[in-house]
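Some structures to go through are shown next.
You will see subunit A twice below: alongside subunit B first, and alongside subunit C after that.
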Partner chain A sequence: MNAFFKRYKIRGIYLFAFAVLLLIVLMTLVPGLFTGHDPYELMSDDLLPPSRQHLLGTDELGRDLFARIVYGTRNTMYVGLGSSLLAVLIGIPIGLAAGYIGGALDSVLMRILDAFMSFPAILLAVLIISVTGANANALIVTIAVVNFPRFARIVRGNTLYIKRIDYVEATRTFGAGRTYLMFRTILTNCLSPIVVQFTLLVAVAILIEASMSFLGLGIQPPVPAWGSMLHTAQLYLRKAWWYAFIPGFMIFVVVYSMNIFGDWLRDFTDPKKRSR
Partner chain B sequence: MLSEQSGGIPLILLFDSYMRYIISRVFQLIPVLLLATIIVFVAGRLAPGDPALIKLGPRGGNDPAALAKVRQEMGLDKPMVTQYVLWLGDVLKGDFGVSLMNGVDTLKIVAGRIPASLELIAVSILIALLLASLLGVRAALKPGSLTDQTISSVATGLVSIPTFWVALLLLSVLAVRLRLLPASGYVPLRENAALNLKLIIMPAVSLALAEVGVFTRFIRSGMIEVLGSNYIRTARAKGLRRRRIYFVHAFKNILVTLVTVIGLEVGTLIGGTLLIEQIFGWSGIGWLLYQSIVNRDYSVLQCIVFLVVVAYVLINLIVDIVYVLVDPRVEL
Partner chain C sequence: MRERGHILEITELQTYFYVPEGVVKAVDRVSFNLAPGEILGIVGESGCGKSVTALSILQLIDPPGKIVSGQILYAGENILERNEKQMRGIRGKRIAMIFQDPMTSLNPLLTVGEQITETLLAHQKIDKKEALGRAAVLLQNTGIPDPKRRLKEYPHQFSGGMRQRVMIAAALACDPDIIIADEATTALDVTIQAQILEILQELARSTGTSVILITHDLGIVAEMCDRILIMYTGRIIEQGRTKEIFDNPLHPYTRGLLDSLPERRQRGEQLYNIRGVVPVPIELPSGCHFSDRCERMIEGTCERIQPPWSTATETHRVYCHLYQDGKQ
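Showing the complex of A and B:
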């Protein structure tokens, strides 16, 4: 067992992150496993403290908080994963084209990315949401637009490096076309930094989603989401501090685990750091 | 600094290459800023609500002739490109239109809120730097040790904390439960310094925490590199006191690059003010931005986003230029 941990560089903190992420996956896929309560049902008095019947108490409408936390996981992860996937899908072709084809195309694409990156993330998100209106799908597009430039830059950087390596030249001499070289030869060889960046991107996306929902510009009530729960909870700080504590704690733990997981992936996939 | 690093190269040539670098950086910025203004403009035009209708007021829609006239006056009947050029011309003259809420000149409203946010951001950076240099230097002393690993985990933790959650927790403990600090509000520093400082503690700490994480990681890796260099060994051999070596000799050398990181983080901090100022009623730019979103006051929203982008880009331009001037090792 120790050898296994050493081989995959698993420390205590990583085990914690894996456990949290496993729990999150379960809460996303089978929320019914965790709670018998309905997150929408107005079942008892409002703002009850945690008890045997309501593990985390109830919210301002008497809905079970634990159920809303559990069912909210899916909405938060939907936006977090969806927006990151979209950012990757936009970022990869742009990064590959800029890095591989280069020249004028590279300069033009880079200036466009610079323009997007000259907006602070939340400000750009707010600007876009003010046009599209606030809902989960608009939020996915918005966060993807906010995040794709950084991703495209990383793919470009890797492409610039990989395209000079001999096996790319060799593939070209075998008659491979530009598209094949870009999407098969180069892309498959920079997959590990892409995967690492993806996990870190999900962490950032969840934070942006929570911030937007907290501002009332994200997932709208009555749909449960951690950020919008905090938005409501700030009105009841005096009466029910746990109401504000719990959703924020969930965001923190998930983002932290995602970041730790990304760090582990980076260490694990980095051939320089791999010791057997 | 110029004379120290010039070595055998004639000063005039060195100066020439600096100027060329600065000019090329400025020229690179022009397309970026133009594209950014296009994004702001397009967002303003796509936003729900006809600007002419808004100008006419709620009953304007009843009179098509009047509506057409206002549209013409505002240039809304012209092609998009013409509209953009006209808008950009106005904006460059400082004319962002008037606020929907009270009809006051937009730029005036926004400018009045800038000092509050500047103070908040400056205090946050100070707090973050103070904590991060203690943590970062401490971690760098024994890389890989338990202390180092703990500090690294804490830094990752700080980066992962939602700032608005920290804000709510501070509010609920320090203001609601213990009543140590006033919950919210803003007073200009010149009017009542004591109250201003009391009010700024919670927002500044909430905003600073994530930055502590970012700066700590950076200071740690910078210090590890510097501590391995020859001049530190010399300083040790001379018998200088350890604290002096770490915080004077070594730290001085990462200050320059630290400024670059701060420049980049200003964007995150400005974004953070949107959440934090709203929670604490600290009526700066972020607070105003939130009000403008809630009230759909697009001219104010556009003006703030525009100014923030320009400020952010210029700050990083200046940081880059200073970096090249101060650090002789940077190749142009």
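Showing the complex of A and C:
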């Protein structure tokens, strides 16, 4: 067991992060495993404290809080993962093109990215949502727009470095075209940093979703989502503090775990580690 | 020199680099031919334009470099007129190149088999299985034992010398007419160097492939090459059969290079050095580039007037004021 841990560079804190993320995956895929209650059902009295019947109590409309947290995981992760995937899909071609083709294209793309990055994220998100309306898909697009520039820069940085290595030129002398060189040769060689960045992107996305929903501009009730639960819970802080605390705590734990997971991935894929 | 039947005829090639400090004439009116099956050596110090010449043939010169003018006839066609897409039909398929550093010239994420078949599948209409079979044969020919197993391994599982064999196998994959070996053995141990060169020579002879061997090592050139070109700051200053050049070096620079070889000195004797240093490629004298270092410079002529070609024999030419039409 120890050898296994050593090989994969696992330490205590990483185990915690893995456990949390495993929990999240399960909650997303099989919420029924955790709770029998329906997150939409108005079943009991309002704002009940945690009890045997309602593990975390009820919300202001009598819905089971625990169920809403569990089913909310799916929505939160949908936005978190969806927006990150979209950011990656946009960011990779831009980063590759800017880095590999360089020249005027690079300058233009970089200035555009700079423009995006100069905007405070939340402000940009609010602007876009105010045009599109607040729902999960709009949120995905919004967060992707906010997140992709930083990601594109990282891809560009890696591209600039890799394109100078001999095997890229060698592949070119064997007749490879630009597209092949960018997407097959260079991209595959910077997958590790990209995957690491992706996990960090997801963490940021979850935070932005929570913020937006908290502002009332994200996922709207009655759809369960942690951020919007926080939004509603504001009003009841005195009467039912757990209503605000639980979703906030979930956000904190998941974002923290994703960051830790990203750190572990970075260490794990570090090329300086000895290979066989 | 027979003008007919050359696989490569380069005429007045000029490749310049436009940098903030000025214009670097990396290849300054270079002309030479390559016969089928011939092993041609391009010799010169670092920065003399050998690699840039090779890259120009494959049109791999990126900004700020530019092929300014000249003609490169490959099998009769001026390939300088080909666009990028058309050049891809030549690279790796008709003209292949091997690089200097075996540690970085193979993609670390692909198995050796994948790298060789990458080229094969790109240029030929064969399926993966057939490509792998051919790759195994190629590896075998370069002296790698147990090729089928080796094909599934990654570059980091190979030593430097073996990686160069893989490069040679990949270069020969599509049966090119010309292989350009750009300092292909410089990064290897001397004994491995000898092995690799032997393999290259043997394979070239057996397949009839021409080889352009770029190196700064005169010893290699003496062993391997049929003919030699000697370059200095972007120009060819002498060319001829290997034996001719070594027996009768005409250009003072060539003489200097040969005299600098430790083998030409006795133990305890001071080594010879060509005085001065290779000039910065931007501030070059307008006449002969070597004039300010030349022991036999003719004042008033060499540094001002471009030296003419003189022919010592049909195959031996020198670009120097000391010789007028074959006379010394």
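Heads up, the rule we're going with is that the second predicted complex is superposed on the first by the 272 of 276 C-alpha atoms of A that agree within 3 Å, B and C clash if a C-alpha of one lies under 4 Å from a C-alpha of the other, contacts with A are read in each partner's own complex, and residues count from 1 in each chain.
Throughout what follows, a residue touches a chain if its C-beta (ideal position, glycine included) is under 8 Å from a C-beta of that chain, and two chains touch if they have at least 3 such contacts.
These numbers were taken from a predicted model, which means no experiment stands behind them.
Novice: On subunit A, do subunit B and subunit C fit together or clash when superposed?
Specialist: Aligned on subunit A, subunit C fits beside subunit B.
Novice: Looking at A:Tyr256, would you say it contacts subunit B, subunit C, both, or neither? Reply first, second, both or neither.
Specialist: first
Novice: Using the touch definition from the top, say if A:Thr171 reaches subunit B (first), subunit C (second), both or neither.
Specialist: In the superposition, A:Thr171 touches subunit C alone.
Novice: According to the stated criteria, A:Val223 is in contact with first (subunit B), second (subunit C), both, or neither; which is it?
Specialist: Once the two structures are laid over each other on A, A:Val223 reaches no partner at all.
Novice: Could you tell me if A:Leu123 is touching subunit B, subunit C, both of them or neither one (first, second, both, neither)?
Specialist: Touch partner of A:Leu123: subunit B, not subunit C.
Novice: On the superposed three-chain arrangement, identify whether subunit B or subunit C touches more subunit A residues.
Specialist: B
Novice: Once the two structures are placed together by chain A, how many degrees is the angle at subunit A between subunit B and subunit C, based on Cα centres and rounded to a multiple of 10?
Specialist: Nearest-10 rounding gives 90 degrees.
Novice: So in the superposed three-chain picture, is A:Ile194 touching just subunit B, just subunit C, both, or none of them (first/second/both/neither)?
Specialist: Neither partner.
Novice: Pick out the closest CA atoms of subunit B and subunit C after fitting on chain A and give their distance in Å.
Specialist: 16
Novice: Looking at subunit A, which of its residues have contacts with both subunit B and subunit C?
Specialist: none
Novice: Flag every residue of subunit A that touches subunit C in the complex, lowest number first.
Specialist: 103, 165-167, 169-177, 185, 188-189, 275
Novice: If we count contacts the way the header does, which residues on subunit C are in touch with subunit A in the complex?
Specialist: The contact residues of subunit C facing subunit A are 58, 60, 63, 84-85, 88-93, 96-97, 99-101, 104-109, 118-119, 122-123, 156, 167, 170.
Novice: Residues of subunit B touching subunit A in their complex?
Specialist: Listed in rising order, the residues of subunit B that touch subunit A are 28, 31-33, 35-36, 39-40, 43, 46-48, 149, 153, 156-157, 159-162, 164-165, 168-169, 171-172, 176-177, 267-268, 270-272, 274-275, 278-279, 289-290, 293-294, 296, 298, 301, 305, 308-309, 312-313.
Novice: Within their complex, state which residues of subunit A touch subunit B.
Specialist: My answer: residues 11, 13, 111-112, 114-116, 118-124, 126-128, 130-131, 133, 203, 207, 210-211, 214-217, 230, 233-234, 237-238, 241, 244-245, 248-249, 251-252, 255-256, 258-260, 263.
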